[in-house]
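You will see two complexes here that share chain A, one where it goes with chain B and one where it goes with chain C.
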Partner chain A sequence: MAVKAPALRGNRMIAKAHALRIEEERFGWKLILPSVIIIGSLIIYPIIYNMYLSLFDVKLQGANIYIGLQNYKNVLSDPSFWHAVLTTFIYVISTTIGTTLIGLGVALVMVKNFPFRGLVRALILLPYIAPVISVVFSWQFFFDPVNGLFMHVTYDMLHLFDKRFNLIGSPQNAVIVAIIFNIWRSFPFSYLMILSRLQSIDSSGYEAAEIDGASSWQKFRYITFPELYFVIGSIVILRVIWNFNKFEDVYLLTDNVKVLSVYTYFKAFTGVMDQGQGAALALIQFLLLIGFILFYVKKVLKW
Partner chain B sequence: MVVKKKNFIRKTGFFLLILLIVTFAVFPFLQMLSLSLKYQFDWGNPSLIPRKINLEAYKELLNIGTKLRTVPDSIKRLLENKALTRAQKRSITKKYQETGDIFPFLRYFWNSFFLSFTASFISLIVATLGAYSFSRVNYRGRGIIQRGVLFVYMFGGILLLIPLYQVAIKSGLARTGSGSFISLLVIYMVQTLPVSLYMLGNYFRSIPFSIEEAALIDGCTRFEIIYRVIIPLSLPALSTVFIYAFMIAWNEYLFASVFLRSYKNLYTLPIGLKALFVSKNAIWDRIMAASILTATPVVILFMIVQKNLVSGLTSGGVKE
Partner chain C sequence: MKKPTMFLLILLLTLSVTVGVFAGGKQETKPASIEFWTTETQSSRVSTIQTLVDIFQGINPEIKISVVPVDENDMPKQVAASSAAGNLPAVAETGSENSIDFGSSGLLDMKEATKIINSIGKSAFYAGPLSMLESPNKGSYYALPYHGWIQGLWYRSDWFKNAGLNPPNTWESIEKAAKTFYKPDKNQYGILVGTKAENYAEQCFTQIAISNKARIFTSDGKLIFNSPAMKEAVQYYAKLAKYNPPGPQTWRARDYYIQQKMAMFFYSTYIMDDLALADVAASSLTGKNFENLKGASFDSNLVTQTGFAPIITHKQPSSYGVIVALNIFKQKKAADTAAAEKFLKYMYTEDAYVTFLHMAPGGMNPVIKKIAASDKFMNDPKGIFKKYGKKKIQSIIAGLEDIKRFGIVGGKLIPQYGKIFSQKIIPQMIYKITQENADVDKSMSWAEGEMKKIVE
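On to the complex of A and B.
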């Protein structure tokens, strides 16, 4: 008896611990359940439904007609689709490189001490904070053929062109403006990420390098840059994901630039509103993004 | 002497660089402000300072002193007729005010505000519970959920747009204005939920466990701990997340343009502004004044939480 009692108590304690664990598990699930239900029914389910829709001729009224892979065939045999893919790649690559480089440059300046630094740091976040719709019109005005400052400088003052024209008006030039606009809007993000990493670099490395007589380029190349490698890697991947899916930044500035999101939007919500093809397009866009990321992770980050 | 000169050049160069960066970032905003205050004859003038200040655009958008502007003079004379009852007069003026010629800025503003506020508030409550769960409670499946939340970042709006629109059509929700508005509200809540979950989860992990243990010993239940200990301790983080979610909903264009397309009264600011620009009312001073007024609430909110928001951004809690 006397020997058994502690074992029994031990068993009871294990049972109690077990009950506690089950209770903890229940509690955890109870709290996460609303989020899981909401994300499941309004994000996961729609994506599966999107795959299903892409196999149908979707009617706005009445029943959908099953057409197998016809939507995909139609999409892939359309040259304007391939043009949209090309535009998207140009857009994503240039904006990603642009934001990262400008963000890096600005961060290297802002890490130094100067008067009104707090104010300056707050001001340069404005492009990132302000709603897209509130800044596109100012950019459109800047390139306005009659009143805009761009034409005033290039045509009236520098005589670079022989007549006034709207730079956002033609698809080839509009891409350039869309890229500059996106860089302007999102450079504060990469600047912030890089700045916060810069501020956490230990200064003793720089002091030692100075004693050894290192130039500023050498200090950047051998101390700063290795510290920034990882943060720049993550900025690039985030920017690729976001810019690949960008819609508002492009469409609200000009509907002349048909990146994939805009192309799909026009297919699915204007004219005959071919939502079946739209669904196929959205899925292809998603697969392209995944492919791009896998390639990037393997080849560039070498994970 | 030579060193001093070199230093001086360096310093000037540095300040010019800062000036360049600030100009690059801020110029479009200055142009907006300047143009919203200019008269038409002044639009081609490259200087940012208006020759004459024009406040008409703001007055019109904010409905100051424009009550009777659009009513023709003959009708105004008719209104002075004492034989008319007040109700009759009101119905006459109302007829003239609703011709659609004025840009109903305040209504769009209110629609946007209501949608963004409600959606981010509900999202905040759901996310507080969820984030507490996966940052503090141990259970199987927790890792999958946490990673799943991150995975949702990859989905662009366009991938969800068509299926959600089809669901709204097939279920009949898109047939009425209120149905579409509620669908949009729910969509905004979902769109802000993953970010809120992620940011709050990161924050909750930084609260020391010992505080919770002390509360447990004092006899609090786990649920009481959330609203007696965790919520009061995380008020700055909660308000940051709320404002961040609010900004996402306030800026959203894609879903609003599809769901509210045929319900002009329910337009939010982004689609209202876009419609203003393509309509015959497209006048630069009004557009710029509307832009300034749309950006202002967001910029003010940002100023309030700037410090917290910046650290939230850099710790990875962002979505575009």
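On to the complex of A and C.
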């Protein structure tokens, strides 16, 4: 009996610990349940339903007809889809590089001390915090071919062009304007992230480099850049995700730039309203993005 | 107190007394809560409609109506979305093409619409608007015609006179004038035709195409879009588009005319108040911030210096107009349908009807003959009709009888056209040709292919 008592006590303690762990697990589940329900109903369910819908010829009236992978075949054999993919890549790559480089440049200037720095820092954030619709209207007014200030200055006053033109409306220029608009609107985010990292870099490294006679470029290359590597890496991945799915900036500014999200909208909700193909397009866009993220996280961020 | 407010108060009192007198003999309506979708999205119009609805609710406390403004370009997809979700509105105000589209898709309660038309009396309506909404089964109607407008070329008659040009009512005279007045170096443009992929482009194009006897369908519903006559019309339209302000343009560019930077533009009679009244034209002018810019201030002579050419003649005369209808959507509850019926009958009573039409004098013309002839209708609150004169107003309204549309051939209604219109196939084709420099033949083949998907 004397031998068995500690064993019994041990068993009881194990059982108690086990019960406690189960209780904690239950409590944990209770805590995350609201999030699971919200994510499940607002994200997982639509994705699954979208997958399901992409296998049908969707009828706005009456029953949908199962057509297997036909929607995917139709999408992939449509030259305008590949054109949209190309436009999306041009848009995403240009805007990501542009916002990151300008954000980096502005942050490197803003980290220095100069009069009214606080005011300038606040002003830089304006494009990012202003509502997109008001900013778009300002741009449309600015570039209006007949009454806009851009034409007034460049054509009427400076005679830089031989005729007036519609910079935003013209399909030839529209993608460039959409890229410039996004860079202008989004660079403050990159600037803010990079600036906060720059401010936390220890100055002793720079002091040591100066004693060693390092140039400004060498200080940036060997001290600043390694410190910023993961911040810039995160900015790039976030910007790619956001701009790959970007709809409102592009669509409101000009409906001529058919990036994938705008192209999917036109396919699903205008013209012949092919919602089956719209669903297939959304899934293809999703897969392209997931593929990029997996590659990027493994190769660039090395997580 | 402002005139319209006073008028609405009197209307409320009149209706309350009328209802008080006749209430004893009326059948009780079960409680119902319905939605009324309107394409009148401007805040002032929404507020007038809301007042009309408030008065109706005051008389019928058992019925609750929510007014939902919906952009006319978004109406087809909003209806499609709410149909898929199973919560269609009870009543919606849409163009007749949309009505035909919704009706042929089985969304509308055509029996109820026909019943109300019969109770008002078919002979009370102008024949044209009513026939536009008649289904292929004669005597049955998709929706109730409510108001309409006519389109034409509004032009600077003084410029034309000084240049010795004829009014723009033939292909030749239009092109000659557009070319004459196109002076981009002086920031002046010859004409405005729609080139953006929006309904406006189709409205402009229809009048041109029909004047060349180009049709989308034969009277037995056969698709004949890709014809030599249509190609000729497309090429002519693309030629006119070269005298447009730069880039893709839609109805909003009519502002350039009000700013005196354009010689003519396609527009409906909705423009009448913008041309006549400074406060209405204000949103089309460049504003107080740019006083030195040409066209910044309102020109009160513009209304007298503007001519209107509603008919374009080439191989045949052609005019274009739109009938806006009140649609009754199929409802799950009979009480909602009954409430919709009651509401629609109220909307045709003289006071409510005239109040509605006076939201846009010239743009909203009555389809009931008695209303068109009434002094109450002629006496609009802003006095616009007086500036044009009773004779001109009457001739504009009578023009509704003769409007030609792609969807009606030889007196027969082609329901598939409603879908083609809703899906903006022709505007997309025009955009490709005029803005992306796409080949005319290829673009027309593309458009025909899209139309075939609908027809077949």
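By definition in this document, the second predicted complex is superposed on the first by the 282 of 303 C-alpha atoms of A that agree within 3 Å, B and C clash if a C-alpha of one lies under 4 Å from a C-alpha of the other, contacts with A are read in each partner's own complex, and residues count from 1 in each chain.
One rule holds in what follows: contacts are C-beta pairs under 8 Å (C-beta built on N, C-alpha and C of every residue); 3 or more make two chains touch, one makes a residue touch a chain.
Since the structure is predicted, the reported quantities are computational estimates derived from the model, not experimental observations.
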### Side-by-side fit of chain B and chain C on chain A, or clash
clash
### Query
For A:G233, is the partner it touches chain B (first), chain C (second), both, or none of the two (neither)?
neither
### Query
After superposition on the shared chain, which partner residues are touched by A:F189: those of chain B (first), chain C (second), both, or neither?
first
#### Entry: Partner chain in contact with A:P145 - chain B first, chain C second, else both or neither
second
### Broader residue contact with chain A after superposition on the shared chain, chain B or chain C
B
### Message
Quick check on the superposed pair: does A:T270 touch chain B, chain C, both, or neither? Answer first, second, both or neither.
### Response
second
#### Entry: chain B versus chain C as contact partner of A:G205, first or second or both or neither
neither
### Query
Counting only touches as set out at the top, which of chain B and chain C does A:L60 meet: first, second, both, neither?
both
### Message
Just to be sure I read the superposition right, which of the two partners does A:G169 touch: chain B = first, chain C = second, or both, or neither?
### Response
second
### Query
Now that the structures are stacked on chain A, which of 20-28, 56-64 or 92-100 shows chain B clashing with chain C?
92-100
### Task
Residue by residue on chain A, keep only those touching chain B in one complex and chain C in the other, then list them.
60, 146-147, 269
### Query
Which of the residues in chain B end up touching chain A in this complex?
14-15, 17-18, 21-22, 24-26, 28-29, 31-32, 35, 43-44, 46, 126-127, 129-130, 132-134, 137-142, 145, 148-149, 152-167, 169, 186-187, 189-190, 193-194, 197, 222-223, 247, 250-251, 253-254, 258, 269-270, 273-274, 277, 284, 287-288, 291-292, 294-295, 298-299, 302-303, 306, 310-311, 313-314, 318, 320
### Summary
Listed in rising order, chain A residues that touch chain C in their complex are 60-61, 145-147, 163-166, 168-171, 255-256, 269-273
### Message
Using the touch definition from the top, list the residues of chain A that touch chain B in their complex.
### Response
21, 24-25, 27-32, 34-36, 38-39, 42-43, 46-47, 49-50, 53, 58, 60, 106, 109, 112, 114, 120, 122-127, 129-135, 137-139, 141-142, 146-147, 149, 152, 184, 186, 188-189, 192-193, 196, 238, 241-242, 244-248, 251-252, 260-261, 264-265, 268-269, 275, 278-279, 282-283, 285-286, 289-290
## Note on the structure
Residue positions on chain C within touch of chain A in the complex are 77, 80, 83-84, 105-107, 184-185, 187, 189, 196-197, 245-249, 253, 256, 259, 261, 286, 290, 293, 423-425, 428, 435-436, 450, 453-454
